[in-house]
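A short worksheet on the structure shown next.
Naming follows writing order (A, B, C, D, E, F, G, H, I, J, K and L), and every chain is counted from residue 1.
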């Protein structure tokens, strides 16, 4: 199963900035661990600080990947355009956040993307990506959305 | 690891009502499947339509269970009192929702509970509970919250 | 035709409190009069101050009664959970209010329940219940909702 | 007992437009049925699309009719002037709506007229007018508003 | 000096309704008194309950009268169209209100017309019209607006 | 193809008032030019300052004209009743505005009518009507709405 | 008849600042003209930029003057304390404004004082004070507020 | 003098949770101290996490106790139903809060109950209950509310 | 123990105005009674209608008095500057109100000062000052804030 | 006449996604048809998902093209920066939308760009671009904006 | 060049209160340093806690000083009257703040004064005054505002 | 001392567009003047219209430059992502604006960036950059932020 992880603005700073909020390992290191632990998935990773490049990537991934894990960072709360892209493509998108956005500033409580995502996983640190990957696994007797 | 699942109002109607939103199996049946699939957990389940009984249960579980999975149903959007209880106890609480609350009526977009929960898992059908259980597992190299 | 009347918080004080707003006969006395005047209906009555008990009763009545008349009192303006219960059950629910809620405090102008009710009858004193009962009668040439 | 029914804008289209919302018989046909079924009332009917003409009619009816049933259509949500007229006259006015305005667009959830009406009957299809007529009947043991 | 007084909805009920708010003499009687007391003015009077007729009258009066005194009644708070008409014509319009609209319901605190009027006189009972007439008189040493 | 142009309040003042906003030719003159330039259309024109008369005209035109061009003037921002009429009739309605309403006062930024219109053409001066007429022409390869 | 005029902040700058809004004669000069033209009144004048001094003056004037004309300047829109003083005293207070506050910035559209004043006269330049004085005169046949 | 203290949700956790906000002695211990220090009062105590049970208790206490001290906890900010109960009963209710609710989250700044209470005492720690008790004592020369 | 009572605008009118709200004895008389009843306190009293003088007094009292009782009157709802002064000084400030501000106009429901005060005592008539004084007394076994 | 069409985010998906909203032909195909049908125009076309690239293109086109047709897609509702660019350049910009944005989600009802555009054409499917092109043609007797 | 520094409420507490926000030297000491470092300026300093005195000072300084540096403290967010004074005088006013008001409580994010000031300098500690002084210096090649 | 100036969207148009707001010299020319006048600084300059490129540049500058001067143009009011980048890096960022954003449209009154910047300098034309540079200089006796 091919899954693409897309990270938005400032997530390339992970492990370098604000460690109290985001932990102290880089996403690249975490991604290696993820690949070895989820050997049954074919994982790819993309990061950009540019809103439009995130849209480009969502469109390119459509039909090629079976699932997308999206952490749109600061664009989560302001981007109608990314949300439209998530809605436009066929590949299901799971929204993740490392920190608990509901426990931070009020403008972070609203996600413009969530309504068009398959589901949202919020606040489990980097483990949010683990859980998002799990969500793409089919399990006996548990009905899909 | 002892985990308690607490369901709020109308979730006892699961499988009986609005199947297009909530799927068509009862929570009791789903709970049996969950127990057999997560044999390494000791699982318990409680449901009530009464806001104050949910608070009673959260308080009783404190110190006895190592984790609580809470779907507060309609109280999610209105109950300061349940949110206070989640904040008051030591046992970490993971919030789950079966449907994508961000894709429904606007008053369902805000959770009063989320800010005090450890994290939120929203929109994966009953699989949301699976993922919530997974979130309590420790995994090598993935930093905790 | 079996109809259940459900009254919410403080409506057990009818005839004892604030007579200028709610009149001066108790609901029990009124209910006797109602039963004798609407002999072709089989009427039942339930009151509770507990939000969750009102939900329990709505769920129990489903499929057993052919109609429910609900005056949710103060919960009318705050309870997503009761509104969800009204939506979840098959039995049609008619919302009634004794006083004209639109002529009172602004927070009473919005009913969270109305959208899921079959219809609303507001402001006719206890006669609101009479009219609600009438609404369940089929009449020649008048199309249903 | 002399009762006047006043219908506002677009209600002359009843039975001709949007049948899924408003049913498929014209108000004229319904009015004939109403007259025959409520033979103890002397019923009159007026319709206009002009806000000011509705006010004219409310003023003219004052003191001549013993009750007015008013469906102000789209003016319900915008007309301070009609609401003032309802307040100014002595004859009691009952507000009716065919559809459940609380289950439609948000701007239809507020009635400027309701606060000055005797009561409101909402969402029972054309039967709302039947119930409004009933509300003018005096009934033993049921206290008036 | 030719001055036209235009009264809006329900002001034809003056002296007949809500005497505690609006006094107990009819506008016709008051208008006679006004004419005799302000003999140096040529006064005319128009009333309608129809918003569009008030606009018609404002347009007709343009260039013919040297001043207009407008009490738009309930349309004061809702009519962009009347406000546009006041702005479109050359003849200056003075807004009057009999009651103190700022001491009544909140929706009466905003006048859509005031911004396009020459000035506003509010709350002096029928004397508001006296003062509005005075405002059209030129006085030595007092600069115009 | 029969098209009706309906103009709302104060548009009869065109060419006479506020020339900096609305240009300096009357709508009657413009209408003659329009007729001669669009000889393949059968054009009709109606203007009223009365909200309800605009509704009357929309209802009368239904089924007789193949298209309606509506400039509701100041009622654009306040009239639920006209918007309901646009929705109720079968004939498609195109909304036009002479000035750029989005560059004027904030209350002009919202059109209650737009949601029920086929489309909106805003800000091209009187040419907005030309474009609205063009919109009713069928063109090869350009898919309808 | 003893009348006190109270002017608030920056009105001592009249004739010196922003002449396009406030005219070009000082209030002192205007006050002299007023005294000579209204010889039947005993007029007094007070100005302060200090909110609390305006309150002091309102309290001192109570029972000594028969009327107060108050232009609270910028405090009009922010001072609950002055409004409370106006309400607390027996002497009637008439609110005046030189400019049309409804045609200026939005925060000037609301007067906290108006609700407790006898009436308001707005937008007639310095003539607003003339009209306010007139409002204290009793006139035959014109009923008081 | 018989006084009942009613505590709402999570106040049974006092001394066990969030000691930095609520202090570290249990309410039971505090209540014993209160009884010994206020020996001239007959004191009773009730706690529940259930909104409706608090209403039941308020109703039962009516006419039996001479005063009620109510700390509704999280229901303070959301419960119209409890506020209605406070209004409905004859026994005066004094609202208390341990913490300074105005210095905490914004949703805690509004009390739905305060308007119907006799008075409010907020932010003095457990001493708030002491002061509430004092408020029921009659004192020479100090006028009642 | 030295305590200073500071009263804001219009509280010098106590006993002279609006007796239905504020009672009918002057604050001076009440203060005498207070002094004799609380002989163990050294009490001082200051009143001003000037916002800045209240700030001056708060600053002067800092370090000299052990407690301040502040009734900021109308400034309660508008003064960031007084609230900043309360926060800036070391001496604890208790906020009092004579009337129940939550039962009056909506703009009186918010106190800008409360968040920086030690606590608030609202609605007990002049007895509010009694209770505020009590709040400065240390009592065995009752933990401070 | 040289005209540039600029399309924003996700409009490269036209004909591939959400055909029920946007039709089923690609913009490239539509553009060919447009070129052949409007042979008197020299047409160019640019699309990007990147907000800043749209700004770059608007700046580059300034002075080179005589008109720009802009569909900013999702950025319409969020981009102050694009709106500033439209305002900064000399070449007139006409805003188009394929779908009726006023009949979709509420956040699509406001265009930040409209106020700085020459005019807006909304809701005619791809024909919106046809009409935008027409709007650049000069026509005898029809006054420009 | 003569410059006046005006400080508002509580800024006389500088160095004495809340040192973590405002630093620990008094403004008097800082002012001495400023004078010695900016020897080419003639500097004056005024502080008051009284809103109206700040207005008095602004008016007195007009025409006498060539520049004013204003830190209105808590009045920044509430005073229309001070803002009017800034607008009324000819001498340019530069607004300064010691702390970053945008990083503090939400009510401090809006300055009523900024719109009428020449410019604003916010958040540089006492150095904000240094920068404000610099802003009055003319520099070659740098165009004035 | 190494300082980087980063300019956002449309600031490359400086001197070419809207000269009444932004002056008539290009930023390149101004930058040359700045370099010669501030010879003790090592200055660099970057401009982009792309939001994400501004974030890239902020991240690259971190640790290399000792200060950043940021004018984010239109993104100032909408970009959570840029604000997050400012917060994430160590190098202090000073926000500047050429025009007085508080005297322009209301949406320009709020800066999302200001809360995370060291300070803001607004409205001094290009001289704002001069002042921002000065702010990085250390001065004897003036305490840093």
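Methods note: a residue touches a chain if its C-beta (ideal position, glycine included) is under 8 Å from a C-beta of that chain, and two chains touch if they have at least 3 such contacts.
Everything quoted here is computed from the prediction, not taken from an experiment.
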| message | So if I look at the partners of chain B and the partners of chain I, which chains show up in both lists? | response | H
| What chains, if any, are shared contacts of chain J and chain L? | A
| remark: Two candidates, A-J and H-I; the one with more touching C-beta pairs is H-I
| field | Same-interface partner of J-L, chosen from the options F-J, A-J or C-D, over half of the pairs matching | value | A-J
| request: Please decide if copies chain F and chain J contact each other with the same set of residue positions, more than half shared, or with different positions, and reply same or different. | output: same
| remark: Between chain H and chain L, the Cα-mean centres are separated in Å by 54
| message | Nearest whole angstrom, what separates the Cα centre of chain D from the Cα centre of chain J? | response | 47
| note | Between the Cα centroids of chain G and chain I the separation in whole angstrom comes to 32
| Taking each chain's centre as the mean of its CA atoms, how far is chain C from chain L in angstrom? | 63
| Multi-partner residues of chain J (at least 2 other chains) | 50-53, 78
| said: Going by the touch definition at the top, which pairs of chains touch each other? | reply: A-B, A-J, A-L, B-C, B-H, C-D, C-H, D-E, D-F, E-F, E-G, F-J, G-I, G-K, H-I, I-K, J-L, K-L
| query | Can you list the chain F residues touching chain E in their complex? | reply | 8-10, 12-13, 17-18, 48-53, 73-75, 77-78, 107-108
| Given the complex with chain H, which residues does chain I contribute to the contact? | 23-25, 30, 33, 37, 100, 102-103, 109-111, 114-128, 130-131, 134-135, 139-145
| query | What part of chain I is in contact with chain K in the complex they form? | reply | 50-53, 55-56, 59, 78-85, 87-89
